[in-house]
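Structure provided below as structure tokens; questions to follow.
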């Protein structure tokens, strides 16, 4: 318990201090997207890592959040912060409603159904041209602002996005170590036993589905205000897959694993740039070998590796 | 004594010039191309061409003795990545101008970044809204869709065909074309009797074509990039549709004829002049540029240079002349780009102005028809 | 009359596309039935079939039949290597880990093909020309006949293999109960390997016969794989008629959706119907209900 | 307490249970015995709502709960343990028991995420309560161990602690002695008696006849999905039909 709080504080300090230590410029920009991806990965991890329910359509909620805020901002006069809240609640309500039939499914049927939701959302973004601008995208979205303070630079957006990410992380940590979180994890380990203990598995799964949609929608709103332009391709099937990869590589059922996964996968293309056209191959190889050799994800794999090396040294001394 | 002074003087000058040459750091130009991903058919020839032109310029001594360094990144067709990489080019690599991105979506995403950083961008994408309304720092070399549409509609009007059907791909390219097709129809007295779309990865369009056949249009206009239009050409042949089928400049390469096979016969499309360089009259302003581009590309990459590579050719050349005239300060480049007049490139004859950052007229397009597996000019 | 004729064309086109989905769905089901794995790299097998065939024809000027054989053998080899290097080393494989691994493999295969053979779309000449055939007022191509024929052959072959050969029966046994199969002396590992091989061969066969119609490139596998997966799910993941019907229904729905309702939403319509099927009959359209046992 | 009337269950064409009617009396320990395949576990699954009966009714304190899901039955104080122990393997031992206190706490998703003050105090309360039950079964020292790493015997105890944390009126135990050695079994018998002393009614499926005869007040015998006999252990021991079912037809 206490150590969790400490971990979070330490992490928050690191996050807030990073911009002071890195060269000004491009890296800050990338870290904004790491923040957004962290929220998305966290949302998925609550569903997948804690409750054990797969979703291949996470990009749909991300996109609904982004388009919700974007459309409200460009075509209606409404405070963007209010819009963000309304959209997030709306998306969560939508997830809650479809959650009942969808989460009754298991395994690959669930994977297929969530994938279907993702595809339908993607097509809707493309086809509702009058509202979303269709495949050509929606431009002219404003930056967020508080009074006359406009979030219009990388550094400002960094703090904007990461404050949301940190709050999400804190709330998620609170939740997983409480009655609700225990219920979820119980469902993951043995749904039947959890239900016998009085855990309403169906309702809880739907609730966490809605929560993960809520977080994804907030991330989407932030994304649209940071980018000021959105187009459907940012919310397509490969994005859902990338999110899934972040969660698995970072560590299922670990809040910080989500952040680690988001960090790695957002920076990965940077690191692979040296490989030029080979990067897609390296990406595929990484996915396979990480799943085989680090099934617990980096967040567990690195400490395990560390423990393996350190005692070995100690025994020599 | 005199001799000694001369030697000293000469060696002093040589020294000065050498150090000046050494001091002249290369001019950094950034490029964002979608070399992988769904738009790689654009990004790959664009990157190849840009690199080729830059190497060529450097080989003949660069711009006023300074070499050009091309820093090209692959966006994979992803607009988030395009924005990140635009930031990287501007903030880390400190480029003086950016060429690309390849697609309209990525370009629209990158515009706020370059506008804020005040770095000129020459997009290689076609959508009209990139330069309309005009943004101070954004130019483009790819011909506007509106010009291609106008070319087709002119021809239809000449042939008195007034009822047409649209079949456009549901991506950025198709959507932009569809918008223009609908917007300009009334000006040419054309009535759109069917407006259908297909997905970029669809493998059979007989359903749409059957529906279109049912409303009896006098021509079909299909707006897409390979392989969709080739499938449509074959499906149309299968269904025995024998009204004129028009394609967009999105398929203006030999690849389309190869993919569509026999079904390509008789299909018409508007295209930049690069496809028909040899058929152009000698007095055509672009002929020289076109032939040099085609020759160089063939020499470097052993394959035919196309329309899309041409966008990058124009972009690099436009930058080159702008820098030659005004130096490598981004603001100066912007000013000089805007002052470009009568630059005969691959895509057309460019005349930028404060209120026109696309710079081309519909003369940039010619209408071609496929005959015996080759392009012929439609008169 | 016009309406009827149009509908006929929608149905015929839909069935032709559906047969492709069905073939891919069958190849999905083979792996699933003997291992419980949903192979997200299945679409890549389809892509490999087309790409390798075209490569053999253009680069080595091989006659088409030999090229096809090389493509199917090559893809089978890829399937086998894939199982050996990526599936077998995985201990205590969770369904999720398998999903990720197969996604990784699909990315890898796509990347390799892109690097080796480039990004261009390629076309394969039709097996028996391009002259349309008139059927009840609608038209189809000779290649469609090939597709229907091969689908029929594959169904028959499947049926024969899984019900009338020792190996096929052993594979079915593995799907019912791996432990029990192991106890009676069936080498489960070999059966898994075999299922990847057969599935890859089937996938590439589908890829070869559709290449003349749909053309092929390194990235055609994704969408085809998804649609095949849909077909298999609709059919209840069986390796028989259910999946074939699932594919045909999916193809027809798409075609009718595009023709009658909206071409833009046609995939959305297909997926919406898939969702409804999952909600109402999660065990697939054609399977009898089974009570889940604890 | 629990009353079953005319319970039948079919899986596809297979009849697993037919015409089962009996009652578990409050405060008793009732054993359900029978050879393998008699349908004992199926009966438990129907009693706890894991699946509904094909026919007949399940009544708890006179209320018809035949179609209630397990989580709703838990709130009435009906809980069970499993033959192959179903622990929450990736959670700690203490957390496992805390899940058992689910019905006695009520913080929802928002209260949990926001750490409301009353949620914090509730959390403290159930933590203490859970420790109490670990002590009750005798494994308080294991509270921070991951449940999946426990030995079979310890896992069994944890499962019982978790079930007891729910403050059940009726505890159904599915073969609690399976896989235990004789001293562990003796401890188990003792534990079950202590559970009864807490006024918890116990239903027991068990193969270990010594245990059953030792602790049960009444027995129900199933064979091939039907009721063979009911009565006190002594009556059952002397019932020729039961003997035949267990030992086969006498020559």
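Labels for the chains are A, B, C and D, by order of writing; each one numbers its residues from 1.
The rule is simple: a contact is a pair of C-beta atoms (placed from the backbone, for glycine too) under 8 Å apart; a residue touches a chain by one contact, two chains touch by 3 or more.
Please read all numbers here as calculations on a predicted model, not as lab measurements.
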{"item": "Minimum number of chain-to-chain touching steps separating chain A from chain B", "value": "1"}
{"item": "Central subunit by CA centre of mass proxy", "value": "A"}
{"item": "Farthest-lying chain, centroid of Cα atoms versus that of chain C", "value": "D"}
{"item": "Centre-to-centre distance between chain D and chain C (centres being mean Cα positions), rounded to whole Å", "value": "47"}
{"item": "Chain A-chain D separation of Cα centroids, rounded to whole Å", "value": "40"}
{"item": "Approximate Å spacing (C-alpha centroids) for the pair chain B, chain D", "value": "74"}
{"item": "Rounded Å distance, chain A centre to chain C centre (Cα mean)", "value": "32"}
{"item": "Set of chain A residues in contact with two or more other chains", "value": "126-127, 192, 277, 280"}
{"item": "Multi-chain contact residues (two or more partners), chain D", "value": "50"}
{"item": "Chain B, residues touching no fewer than two other chains", "value": "36, 170"}
{"item": "Residues of chain A defined as touching chain C within the complex", "value": "48, 54, 101-102, 104-105, 107-109, 111-113, 115-117, 119-120, 123-124, 126-127, 192, 237, 241, 244-245, 248, 252, 277-278, 280-281, 283-288, 291-292, 295"}
{"item": "Footprint of chain B on chain A - complex, ascending", "value": "23-26, 29-30, 33, 126-127, 129, 134-137, 139, 152, 154, 227-231, 233-234, 269, 273, 276-277, 280"}
{"item": "Chain B-touching residues of chain C, taken from the complex the two chains share", "value": "2, 6, 9-10, 13-14, 16-17, 20, 114, 119-123, 125, 130, 132, 139-141, 210, 213-215, 217, 219-220, 222-224, 254-256, 258-259, 263-264, 266-267"}
{"item": "Parts of chain B lying in touch with chain A, wherever the complex brings them together", "value": "35-36, 73-74, 76-81, 83-84, 87-88, 91-92, 104-105, 108-109, 111-112, 116, 127, 129, 170-172, 174-176, 179"}
{"item": "Touch list for chain C against partner chain A, complex", "value": "32, 38, 86, 89-90, 92, 95-97, 99-101, 103-112, 114-115, 222, 226, 229-230, 233, 262, 264-265, 267-268, 271-272, 274-275, 278-279, 282, 294"}
